[in-house]
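Next come two complexes built around chain A: one with chain B, the other with chain C.
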Partner chain A sequence: MASTQHVLLSPAELAYLHASLSLTPPIRPDGRTPTQFRPLVAETGILPGTNGSARICFADGTEAIVGVKAEVERTKLSRVGPADELEGTRLVGDVVEGLAGAGGTENITEKEEIATNGADWVELSVEIPGYRDDDAGTAFLSAMLAEALLADGEFARKLYINRRFHWKLYLDILLISPPLSYPLPLLSLTTHLALLSTRLPRLKSEGDEDPFFDDDWAAAPYLYPRRKGDSGKATSKPPVSLLVMAVGNSIIFDPSKEELAVADVALAVSIGEALSSSSTSLGKKATTEDAMNLDDGEGRSLRLLSVRTIDPPSRLTPPGVPNATNSAYGAATATQKQPEARTAELEAVEGVWKAPRGGAKPLVMAALVQKVLEKGGVADEVLDALDAVDLV
Partner chain B sequence: MPITIIAPKQVRHPYDAQHDIASDSSSDVDSDDSIAGGADLEGDISMKSRPSKKARTGGAPSTASKFDIVTPGEVITDDPQWMRGHGTYIAPATSSIISSVAGTVTRTNKLLSIRPLRARYTPEVGDLVVGRIVEVQAKRWRVDVGATQLASLPLSAINLPGGILRKRTETDELQIRTFFAEGDLLVAEVQQLFQDGGAVLHTRSLKYGKLRNGVFVAVSGMGGGGGVVRSRRQVWTFDAANDGGQIDVVLGVNGYVWISKHVETPEGVIDKTAGITNMEENISATMYSSQNDRIEPETMREIVRVRGVVTALVENGLRVDEDMLMRGYHEAVEMALVSNDGQDDVYLGGERGEQLAAALTGI
Partner chain C sequence: MPLDTSAYSLALLRVDGRRWNELRRIHAQIRTQAAADGSSYFEMGHTKVMCVVNGPSEPGPRRGGTAAAAPGGGQSKDAEVAVSIVVAGFSSVDRKRVGRGDKRILELQSTISSALTASLHTHLYPHSTINISLHVLSQDGSLLAALINAATLACVDAGIPMTDYVAACTAGSTSTYAANDESADPLLDLNHQEEQELPGLTVATLGDSDRVAVLVCESRVQVGRLEGMLAVGVDGCKQVREILDRVVREKGRRMLQEGTVEKGVGLDEMDMD
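Coming up: the complex of A and B.
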């Protein structure tokens, strides 16, 4: 649940929007097809002082920048005994799996302790102009983005340096325009790009000694390693969260503010790429090598990381008044004592707005998620398009 | 293709040339201007770039004209031969003209003025505006018209149902929300201005009242050549292509635009009231309806097309008036014919919008 911003639209507008979006195919107020995103301008490497950064600007003027900073931090372990190497690394591997939210019940206390540390390896801050840092909506957004990132399962492993040290990532996500529409897709896409362009200094030390790094920035490997060869595409991707909504029988992607105002259901669906079994071996180096062996031809398999319902503002909208009960419509109509109090309970009349009531139907939810995960569907194309952005 | 990602346009940096000069002349630059070195940790701009800016303030604005955009507080000239116009001020005890807004410098003979990049609407008496009710008070509504202040619409300035010249009563005051409630859109005229720029609206004409059967689009910013301009006709009806029926367009001077299906006088009202002696009275009754009529998908599609043209015009910095909008609409219909999806394709964002603007300005 999230408190989305309240939109002020007249009942007549809402009724019109609802009618036009419920058509098959839906007619969106900006003429897009149901699965079409707003055109966007994207670039990376805009902040020279960061490990990775990106900027995305939607055509409607909303714009976000994300900066990623990395810092070496001592891993808090309760027991740093002279345990054998293999077990130590395995331990972290388990922890990473524990982070995936599978809810491992067999975890012993020590593992859990590290698991909480693992979640601390990433610090995410979201800033929306005009909203407080601890505003429910902002907190929800950052929790959602962090959740998707950690649910990936592979992420914490990328930050692992050795048993005593790890990278700590600070993600600063800034919306630099007023929030004209629910900013989740924008922030998520920008974060995705920033993480794709993130590079960490190359590790020169070995084993558990104090880490020291190659100061040649050109040699710094990407956080999400690239394939060798001309494509230069990332072998694994950061997750991406998409906003999907349903009105009537239509499923609509990347809704604008007006569209969200008439949504029956709105979902934030986070997806990542499924891990291939070969890349589950430990250590960043191993992953890189494995990744290089992967051939370009294989299809992408998407993995659902999380689904969150977004409370659409439609539920808070005032209902329209049908002409039959409108005392200002037609002088002859008898005046009631409290006209507004009655209207909420009326039957649906065509052309009159009535806020959706009740929860989302499981079938609709399933259809929404299905539509996102479809092979060759929207998520696939979004990931491809983001991949095509030049990384600086 | 559900998503299009455009590479950012190269921004021409007006101060680039000057930065180079500044960093060359001074050897003790504390942070590189060339950015590649890293972030400026102090978070402030290198002071070394200031003298270069100073250098051109001495000259006439002919130097300034090379740099299109000025920012608030920037000295445009300190030559006393120039007169200050809109968007500028003269600092006390000096003769330098300083910009008070971000915008482009325009010179008319010896008058210097700044056209703001973005500006809020400044109401004038007689303007036709589209507004949204944001607050309901005891005897008036507060209306958002895109100005610096909310406009007010007194209960006494609307047509009350049951007679155009009826006196407002206490019952009307109690039922104020049945006329307009929060969020309602209305078209009105500016009747009066306060000293501080606040406007008082009225809807005492059959042309005005609550809006329904259509979509709203806000076109902000009137500077830079784009946006709605005051023109001969702000409200008109036209026949849409592709069996779209008739469509009404209301271009509020404040940049709020309403595009809706054209509705003839509804029969229902005339049937209901006993005498048809007072036509005005009957029509005025429909003024407060918030129930949409049945709208065909074809009409909806054409309404969206018009909306797309409006946003495309604004995004490309063109003015929005009847002539441009109609030309743009016909161009958009033509463009849809050659697109893959045929005439049903109403998308005009991104490249299509640029294409449309190019076609319009090319003529």
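Coming up: the complex of A and C.
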């Protein structure tokens, strides 16, 4: 879908765009710096009928609304050990276990219960106008957003009520405008804000009784609890997925549709804010993440949650024809029936567009991820900006 | 939860405290989104809808998905009005997922499409399509009416020539069909609770006139009560039209002040208050 939608640019235009983006510093068509996001307007708590909601409008006119609704659901009692589960859920289990610390064995099996069911406790749906809801691209988007949310580890624990009941969270993500650019950053940021503003009724019952809630909405605690005093900012944050792409040696954030059309590599990087206590226990899980954990004393410590490559539409663009082989410029035509097909195999000619082939180089990938997690970098900036949004 | 209508006869007040001929609070905005040709936001009590209009445009390169799959537009002499409604899962009290193929949604779509086709000057745009996408964010009765009003506003914003506003409203009756109460009063603008219990209809009229553009009645009602309900509904449509008109004029004046649009020749004579 959106990532592969066709951009009406000629090979010459693509070559020009590619060249100007590969400069240092890159020159972007809309004049932004490589790490600059499009300006956005955000508001939360727009729908009183939901547990949490948010709306974000990007300056290019794309707009998304996310509503979160929660229901109490009976927990399925399955006695499956976490060892048989998938990698993702096992990670959740380990983190939860780590947080439980030196609790009794009974406590831990209970937490395992959360971990094994955690993935079913969140249902995420993405609606994009003009696309079917079972469209591959839409399904990929929602899978990516859900993955980031659950990889966070502690998320399922927030939905735990008691051993018999849990909250089921429904996230409905609506793209209001037609998808002008790949909507992942927009949807992710909106989801982030909606989750931050989500509140669940305060539990009055104790233990494993049937849950009974306080009907005073003003007393309802936030899903992501606030720090007392310090201007009420949340202590932990839902994840954010950022879109990053590489062109030549440049790394560009929040690419527009045209920029994505010349991308060598496009990555969706999901980051979360590590809890100071759990960051060590997670660090030993994945060795690669160890290096990425940037613990900066007073600031936030970012944590890499997931990385996905996005198939950039640049792979489907038609190649340019160099003058040397172009019959219009007097090249021999006798042997060439399909000049495009042949030039695609040829070596790159300066100034002639050629669609990128093959996978991304590991060094480029590492650079992209490093750039995202950089202290005081884009991720920090985005999280700071989202912090500034008033939560209603 | 059954609606207690017995109290109505005592104070002549409805469950939400309105009198029989009062509309709920209506709030509307146009040009809410920069990317679209036309857009609007419409709130009728707790019913909240958003509308985005794209077009009229000739079918370009196929963009994949269902939007391009819609036939028509291509060959016909008139523009085709394609309406798509997305009901958000979080819009009702209990979360319910409504698929796009839902029969009720399809009926709403075709009702809105035919109502607007009659009002818009579709003959000016041959071989093209006007894409209207409506998003239901919150519902509390009178959904069809809110959708029609939002679509009208968005079409005005998109600058598609039309004969007049299509303003819609609902009307009902104070007692149920089964009660067979001869002295039942008509009600204006039903909320969700009233809509569940009482007979009701949705009516849309063309501008100031009494010409009915849409009339939908999905409940059983004695024919004797229908006339009263319709009269109240048409009266409500006129009030809604005034509100829509005010919103458009207000926005127009602000755009002139900000210099977003140049003051045209025709605008001088227009009464802009």
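Simple rule for what comes next: the second predicted complex is superposed on the first by the 320 of 392 C-alpha atoms of A that agree within 3 Å, B and C clash if a C-alpha of one lies under 4 Å from a C-alpha of the other, contacts with A are read in each partner's own complex, and residues count from 1 in each chain.
Just so it is clear, a contact is a pair of C-beta atoms (placed from the backbone, for glycine too) under 8 Å apart; a residue touches a chain by one contact, two chains touch by 3 or more.
Because the structure is a prediction, the values reported are computed rather than measured.
J.: Since both structures carry chain A, what do chain B and chain C do when superposed there: clash or fit?
T.: Chain B and chain C clash in the superposed model.
J.: Please work out whether A:47 is in contact with chain B alone, chain C alone, both, or neither, and reply first, second, both or neither.
T.: both
J.: Scan A:11 for contacts with chain B and chain C and give back first, second, both or neither.
T.: In the superposed model, A:11 contacts chain B only, not chain C.
J.: Tell me which partner A:321 touches in the superposition: chain B (first), chain C (second), both or neither.
T.: It touches chain B, and chain C stays clear.
J.: With both structures superposed, pick whichever of chain B and chain C touches the larger number of chain A residues.
T.: It is B that touches the greater number of chain A residues.
J.: If you stack the two complexes on chain A, which partner ends up touching A:133: first (chain B), second (chain C), both, or neither?
T.: Only chain C; A:133 stays clear of chain B.
J.: Identify which of the listed stretches of chain C (62-70, 80-88, 98-106 or 242-250) has C-alpha atoms clashing with chain B after the superposition.
T.: 242-250
J.: Just which bits of chain A does chain B share with chain C as contact spots?
T.: The answer is residues 8, 47-50, 57, 59 of chain A.
J.: Write out the stretch or stretches of chain A touching chain B in their complex.
T.: 8-13, 15-17, 19-20, 23, 27-33, 35-43, 47-50, 55, 57, 59, 253, 317-318, 320-323, 326-332, 335, 339-340, 349-353, 378, 381-382, 385-386, 388-390
J.: Spell out the part of chain B that touches chain A in their complex, as residue ranges.
T.: Residues of chain B touching chain A: 1-9, 35-39, 41, 132, 134, 161-163, 171, 175, 177-179, 181-185, 210-216, 268-269, 272-273, 281, 285-295, 297, 300-301, 304-305, 307-308, 311, 315, 345-351.
J.: Could you list, by residue number, the parts of chain C that touch chain A in their complex?
T.: Within the complex, chain C contacts chain A at residues 33-36, 46, 48, 50, 52, 54, 61, 63-67, 84, 86, 88-95, 97, 99-100, 131, 133, 135, 137-138.
J.: In their complex, what parts of chain A are in touch with chain C?
T.: The touching residues are 1, 5-6, 8, 47-50, 53, 57, 59-63, 65, 67-69, 71, 125, 127, 129-133, 135, 170, 172, 174, 176-178, 180.
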